[in-house]
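Multiple structures follow.
Both complexes shown next keep chain A, but they swap its partner, so chain B is in the first and chain C is in the second.
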Partner chain A sequence: MYVTAFECLLSQPFFVLHKASKSSESSAVMSPGKPRKRRLDSSPKVSLNSESLKENLKMEVFPYVWSKIESNIKDVLRSINADVFDEIGRWVRESFNKICSCRGPVDPSKSTLPYPFVQNGGLVKKLFTALVFTKNIETVDDILTFSELGLNLKSHGCYVANISSLDFSTKNGIGGCLRAFLRQLLMVDIEAADVSLLASWYSDHGKYEKPVVVIIEDMERCSGALLSDFIKMLSEWSVKIPIILIAGVATSTDAPANVLTSRALQYLSTSMFFLKSPAERMDAIIEAVLVKNCAGFSVGHKVATFLRNYFLRQDGTVTSFVRALKMALVQQLSIEPLSFVLKILVDEGDNKRSWYEDLANLPEEVINHAFELPSYRTYSVNRNNHAELNAMSLDHGLSELQRLQDLWRSRLMCLHEAGRYHKVALLDLYLEALDPELYNSRLSNHGCDNAKDKSLLSDSDKLFRLQKAEVTNQVIRKIRDLPAAKLSQLLKSWEGLTRGTVEVHEKIMELQSQMVSGDVKSHKAELTDNSKRHINRHRLNMEKDACTSNDKAMTLAGQTIR
Partner chain B sequence: MGDEGNAQTPRRTTRASLSSTPNPSNSTGKLNLCNQQPLTIDDLAYGDESISFDDLISSLPGRRAQIIELLRILGPLDSPMFPVFVYGGASTGKTSSILQIFKHLKRPFVYCSCVTCYSPRILFESVLNQLLLHRRNESNRYLSVKRCEKPSDFVNLLQEALRNVVDSLKGNVVKSSSKKSMGRTRGEMVYLVFDNLELVREWDKGSNILSFMFKLYDILKMPEVGLIFLSNASPDTYYLDTGYVEPVPVYFPDYTEDELRQILMKNQENPKLYTSFLEVVLRPFCRVTRRVDELSTAFSPLYQIYYEPLDDLGIVPSGDVKRELFSHLQPHIGPSLNDTFRVENRLSSEASGKTNKWKGIAKKMGVSESSDEIDFHMSACAKYLLICAFLASKNPATLDASLFDSTGGFSNGKRKRKSSEKSKEKKETAEQDLLLKGPGTFPLERLLAIFQCIVSVSECLPDDEAQGDGGLEGESWTNGLLSHVLLELSSLCNANFISKGGSCPLEGANRYRSMVSEAMALKVARSLKFPLSKYLYRGG
Partner chain C sequence: MDVDEIDEEEFGFSRNYFLAKELGSSRKKSARKLSEIDLVDEEELRQVAANIEPKHEKEVKHLISSYESSYSNWLFALRCGFALLMYGFGSKKALMEDFATKSLTEYSVVVVNGYLQSINLKQVVITLAELLWDQLKLGRKTTSGSLCKSQQPFNTRSMSDLLTFLDKPDLEVEDCFVCILVHNIDGPGLRDSDSQQCLARIASCSHVRMVASIDHVNAPLLWDKKMVHTQFDWYWCHVPTFAPYKVETKFFPFILAHGGSAQSVKTASIVLQSLTPNAQNVFKVVAEHQLAHPDEEGKFFHTWVSHFYLHFHVCRRN
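What follows is the complex of A and B.
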């Protein structure tokens, strides 16, 4: 396989981040913006001038790249919640319609009456309530989610007030929480706030077509007594003002019963909604940022391990993951000699124009410096490669790298698709795909080209490492057990994923057509038999596929190790 | 009710909007006009058309005696009355009876609920706003008509306001007698209704306010004012000094089973079917609660299950069908008897919604169906902390040393002592004591010590989930991450899994207490593959 020198250079992030993983851990303590000393002891000395030039370049790159990544993450989080938001929006509509039908014809005189609504001689005190389960005991991530939800509902024609647990503190009492609530809707600060004001506000401007939605962000953290009082108060005005409650619950269904008094519970008529779990959100972010090359750089195995462990064991919030990612970016920029190309990589987006122009705009010094880096030297010595040292070849190398990375990505995503049926986290797969040890062991195991690696590994070593590839192997193994329907579904998704890369794509198409024809031909009796055969064949194919994909992944990783 | 709210339109308009089939767009169009019109004295009476005495009785089944009693106390038009104290359990129809009575009588009244009016100031201002026909809105920056915080101010302002109201009511009466058009309000009396009076006891200086309110009748000395107090608590629970006219008590007893049936039967689409449903469920539920609101929330999902097998809801069930329906419903009755809170699962995309709906109940009943996993994310560190807190609460502190010694388990030697009758008895009482005491408290240091032990033990386990390199993890667990542990602890506290008690007077440090159930702790332990039961002290 032809690999240009620039790949080596650019894939250095792997290398450097491997080394730097320890310090990235400690950088939680240090201020992240601090530029580090270069660690590559063998790097050639360059003039001060070009050094500062590069520093400047990097300083420009950082805010640019980070804003890209950040907006990307936000988009991902927004789209992951879109379904639930729609569902909630629909429920709000339905509830509002129910209230309207109960209220009967709009009668402004009724909505501001001080006494409760009487229907057929009985009082109506029900409040429609949605419990939104955030599935994470940390609530940091969901502050954003609930404000998004508020905006979403507002755009769908609701009056929305977001109240957080801070407003439900015992210090301020019920008055403080009412004030915070009314301030958002009435837009004035009121000294003696009570719900009747809401009623007069609501009836004032003929706001009868819209419901009033109250979002309480974290129910568990609210003071139970206050929240109960608040609910009681709202329930006295139910129907007269169409109030709909949405409460975020971090833990389980027992939580409302633990927090609220039984009296207040009695007023709620609840429905449940579930947000995506943090693990799912994490997968989506990793897919969008690291795998789909929005960041323009990759993290090494150790960094990924650290991130994963931190997520699973210590903190478990997407927020801290994003922060760690930011630190990784800083690290990358401060240590990597060629990291300024990130801007160009990230910029690419939809329009696949040549990077040449951008590269040509760079000062020559910088480009020359790129070819003096030790990793290129070793590379060109090994390969006896004498490419022309200019921006053109740098560009060429970049696009080659891009192509290979795309290949690697699409395969990783294929694995992820397969793993989805067994709820294997992308994070785990990503981690294993990055593991350089695994790569080496697999190389030797499959007897691929690199003979020298093989000799280095003892048998016991091999065994040990093979065991460690658990997740990936598991996924591959389990493909065999997939029922035919799911398999064809999987193949379809693979087809989409591998569209850019010819060889694999063809294989998958072939397999798909086989499946279809097999399905048509096979009668009911032989169905099981037949599909088994196909699946077996498929499995072989898949193993090959996985092997190649791992190969590719490893070649990249391998380059960096050398 | 800060505003007295009545955006009520003068009588003719209201009537028009009621009589004509109301068309929303039409009435909203009118709305702005209506709002600008000042409130009139008519707005103090109930807005709707009046109801006859028969309607009044039939709208409130089982409350006939109380209604007649109240009407007797209120007396005929323009007769002065003593204050009334209406009391009875929650959801026995106190508020709705009073409201319906005033709807029937069409007399002007002022209503204040102490739920909405949560402080003396808001209560006072709400009364004044209603009497002075003041509407708090944007144009007056939502201000009350008068600022009033002290009872003494309130008395002065109230007297003034009442005099105005009574005067204009008298004028009304004269006018209506001279012209033929009858005013919407009747009589010259004005009534003040205070609902949920029991809440006043919990206010700051609540007892002062309460005795003030009871004395209001004596202070005002206005025969044209009637005072009505509504309360969940009986008059005996108001410990007040005497020296005022005792209000006339009217007791609203709990509904009987028959009355409940009548109430629940109102407005059912298929009365026959619902009757047969009530035959099944009402008796067992009546033993648990007689509150209408609780019963109706409990019954609505049960009824859905009841008629589920039927295709045609208009059906009149025969004996066989009834039996079949009953056997269908029976398994659900028991669980929902114990259930106070129901959550409806809403997954329109999935057809499995129906089964999910009952999961909450099943969980409560301990029928653990597929609830082996905790359904929310917790970091491993938080999970360990949770287990530690649970252990620290359950186990006596003296046992820690033996549980968490270097061997990691307890020696079985001691336990082999033969248990005699007496020691068995002792053991039982000890167990009961433990149960009665509930989870114990513990200082932070003990929690951290246990945490350290448990984490180090679980790291030794060969089957640890660790897959990455040990170097990184080992570090992150044991060293220097105490700050994380404390962060996790605070988030556990926030999630109500651990409660932070007041500081112990002797030690001065905060003490904690675990609030999780054993089932939950076991679930968490299972997710970590941690042998929790091994460390749990069972008493004895």
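What follows is the complex of A and C.
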């Protein structure tokens, strides 16, 4: 039977379609890990048509912006876990000291035998175990957490091996997890895995001053029998090689009892640690990436609603949120031709400079496109700006845009600070702040206030608006109930957040000084007047003062969102 | 009188009912079997299937070519580190290969036919590693510097070694990757969890980008969240083509075909194709001997198999 080459390829399990033609110049620009420090340089020195120019620009922008966002997210997650990591680090040190204190003088010739040389028999076969509760059933979020924990412990002088439930599969048996464990410590592939190899490695190199930490990311997903065997084996060596176990637990404190055999449980001497919940991590990420303008772009209300619903109702993982953010950036760059401006916006950080130089290098066509955008049109209409449309005016427009965005962000953060006392999620506030309907209704409401014509609004209309801005209104209303100490704390944080905006900042300062003078007055009154009647009156006055400050703060918060 | 008539009528009705029942049950008890259904021969069925006139050819062609405008976006997503997952009704084989030929010219591309019954992923990884090596050498010629020359051949390396090579973060040329095109990543040969884990590890390597297609409605059940979010990192593309699954179904036995000799030949050829070249040569030698000595009636094959096993065990013990 005659078979063509094409048919042959169809029935081949795999084949090479083609080899790389040449190493491209444009591809060299993309470097996901290390962003290049290059200014936007698109001057027509290189004869490129506008399409390929745009392609190159966006290829240059993506790795730059994304690496910034990614490292920001990593920093946020690291700092959110920092306290727990420190606590775990201290516990590891203490456990190691306990093991060292109960072990006698080390005899290297006997160190490859399992049974421990012990001075006081109390700690024989006990394996120090930290149960780290992730408060998250999805282990995917904690992969990074545990690898960071591993790095953290390594930097504090521990030998660390990270093992996942995949290594504890019944198919590979105990040898599989032992191999994974030894591979990371001994840095070699071992066919016949045995703990004695680890013992000789540990004693050979005189590593007595460092503990060996084994991190199991997802305890519940491991095969129970295998994990029990593994624990039994480690406990036999626990004094000779100071092994300390850290296990991630997604469910409840019952988990070890459900997974392990009762015998294995007896070997464990457990301590508990708690990580922050996914919602808290989410808030921290939103604050760092979207609110604090690290991304350079803002997501629209529809995208934010989608992200929130997906997070709360379906997936529940921060990982998918981060992925969605990455996808949003890709989409933004693919659809919006001007989005390479992100690079300049992100580039800034705290040191602001003029973008004129960068913008002047751009082709005229691209700059003209910017003047077509609705945001620029609004800006020029507001300003009655009929200046010449060139890089200079674009530069002004961009700085104005950024100023407005900074204002918006600082006000959102003020609300968030107020909401912190009632555990209001930033994600909810963020979503309401982005809602264009709410914005329009507030505007019209504001107009009505001015016109003293509130009756024009029907009751159902008001109710609808109240319900729509539920979280924001709730936060503002609750400012009234804040005790004086918390209120002054809140004002202090507001002061810091609104430093760039003169009007709001002044009002806050005024409120603060009012509160302080009230305090001084009451203090003086207390010193001079001791009669009962006066104290009562004085208390009433104090409450009244506090109420007015709270009301003022509330009104201020109400004004800020308009 | 009337009452009698009614009784008679009822009796007639019930007798008929039971007669009918009896007849029905006797028919059920007949010795006919499913295998007796006169099914058409596979060859004939395939021929008829091949002659089915495709409908809406023009529209399908137009639809497929309309996706060409998305090629640049797909390439951008790939370069941003995502893997593409094509889904939607119709064969996506031609579309994906067209995309690779037109847009992925700067990168080496390996095509994996997931619709086949068995695929050796280790061989695929070896090929990927070799291609990446070539690509790196090519890149190095244009820039300065040299790769380490004392290089162990890839086909003797272990899987984890190969994956470490493909995932090396410290290679000097950073945006250098090879592409792997997997038709039907949910195909019969790749449906098991080990293969999917392996594919996920391949996709997560920093110097590999994956473009894959799925056709089964439950394909996403093959992956857990770790695989989806951190390893594959899919960028879903809805690309219904309505093109016939001609190639994909070619290696699948027809349900309605007669299981005659033609099909066993087909099955045997599928098994033979999935073997390594060495094993294929061994079988070729055996078959040639068998054809040359038809009178031995398989005696040679038996002795050969027992010799082969003995040899295999000796080798293993040593």
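For the reader, a short list of remarks on this structure follows.
The rule is simple: the second predicted complex is superposed on the first by the 414 of 562 C-alpha atoms of A that agree within 3 Å, B and C clash if a C-alpha of one lies under 4 Å from a C-alpha of the other, contacts with A are read in each partner's own complex, and residues count from 1 in each chain.
Operating definition for what follows: contacts are C-beta pairs under 8 Å (C-beta built on N, C-alpha and C of every residue); 3 or more make two chains touch, one makes a residue touch a chain.
Predicted, not measured: the structure shown is a model, and the values here were computed from it.
Look at A:55: by the touch rule set out above, it reaches chain C but stays clear of chain B. Contacts of A:237 after superposition: chain B is touched, whereas chain C is not reached.
Contact with chain C, but none with chain B, is seen for A:66 once the two complexes are overlaid on the shared chain. Using the contact criterion defined above for the overlaid structures, shared-chain residue A:143 touches chain C, although it does not reach chain B. Applying the stated contact rule after C-alpha superposition, one finds that A:229 touches chain B and leaves chain C untouched. Of the two partner chains placed by superposition, only chain B is touched by A:256; chain C is not.
By the document's definition of touching, of the two partners only chain C reaches A:323; chain B does not.
According to the touch criterion, the shared surface of chain A, contacted by chain B in one complex and chain C in the other, consists of residues 21, 138-139, 315.
Per the touch definition, chain A reaches chain B in the complex via residues 21, 25, 87, 90-91, 104-116, 118, 120-123, 125, 131, 133-139, 174-175, 186, 188, 190, 192, 194-197, 199-201, 203-204, 206, 208, 218, 220-221, 229, 232-233, 236-237, 250-259, 262-263, 265-266, 268-273, 277-279, 302, 305-306, 308-316, 431, 468, 470. Here chain B touches chain A in the complex through residues 1-9, 14, 17-18, 22-24, 27-28, 31-32, 34-35, 43, 47, 59-60, 90, 93, 95-96, 99-100, 110-113, 115-119, 121-122, 125-126, 130, 135-138, 141-142, 144, 193, 195, 263, 266-267, 292-294, 297, 340-346, 348, 360, 363-364, 374-382, 467-469, 472-473, 475-477, 481, 484, 487-488, 491-492, 494-497, 515, going by the rule given at the top.
Those residues of chain C that touch chain A in the shared complex are 72-73, 76-77, 79-82, 97, 100-101, 105-113, 116, 118-120, 123-124, 127, 131, 134-135, 138-139, 142, 158, 160-161, 169, 173-176, 178, 181, 189, 197, 206, 224-226, 229-230, 233, 235, 247, 250-251, 273-274.
Within the complex formed with chain C, the residues of chain A that make contact are 9-24, 27-34, 55, 58-59, 62-63, 66, 138-140, 143, 166, 189, 315, 317, 319-320, 323, 326-327, 330, 333-334.
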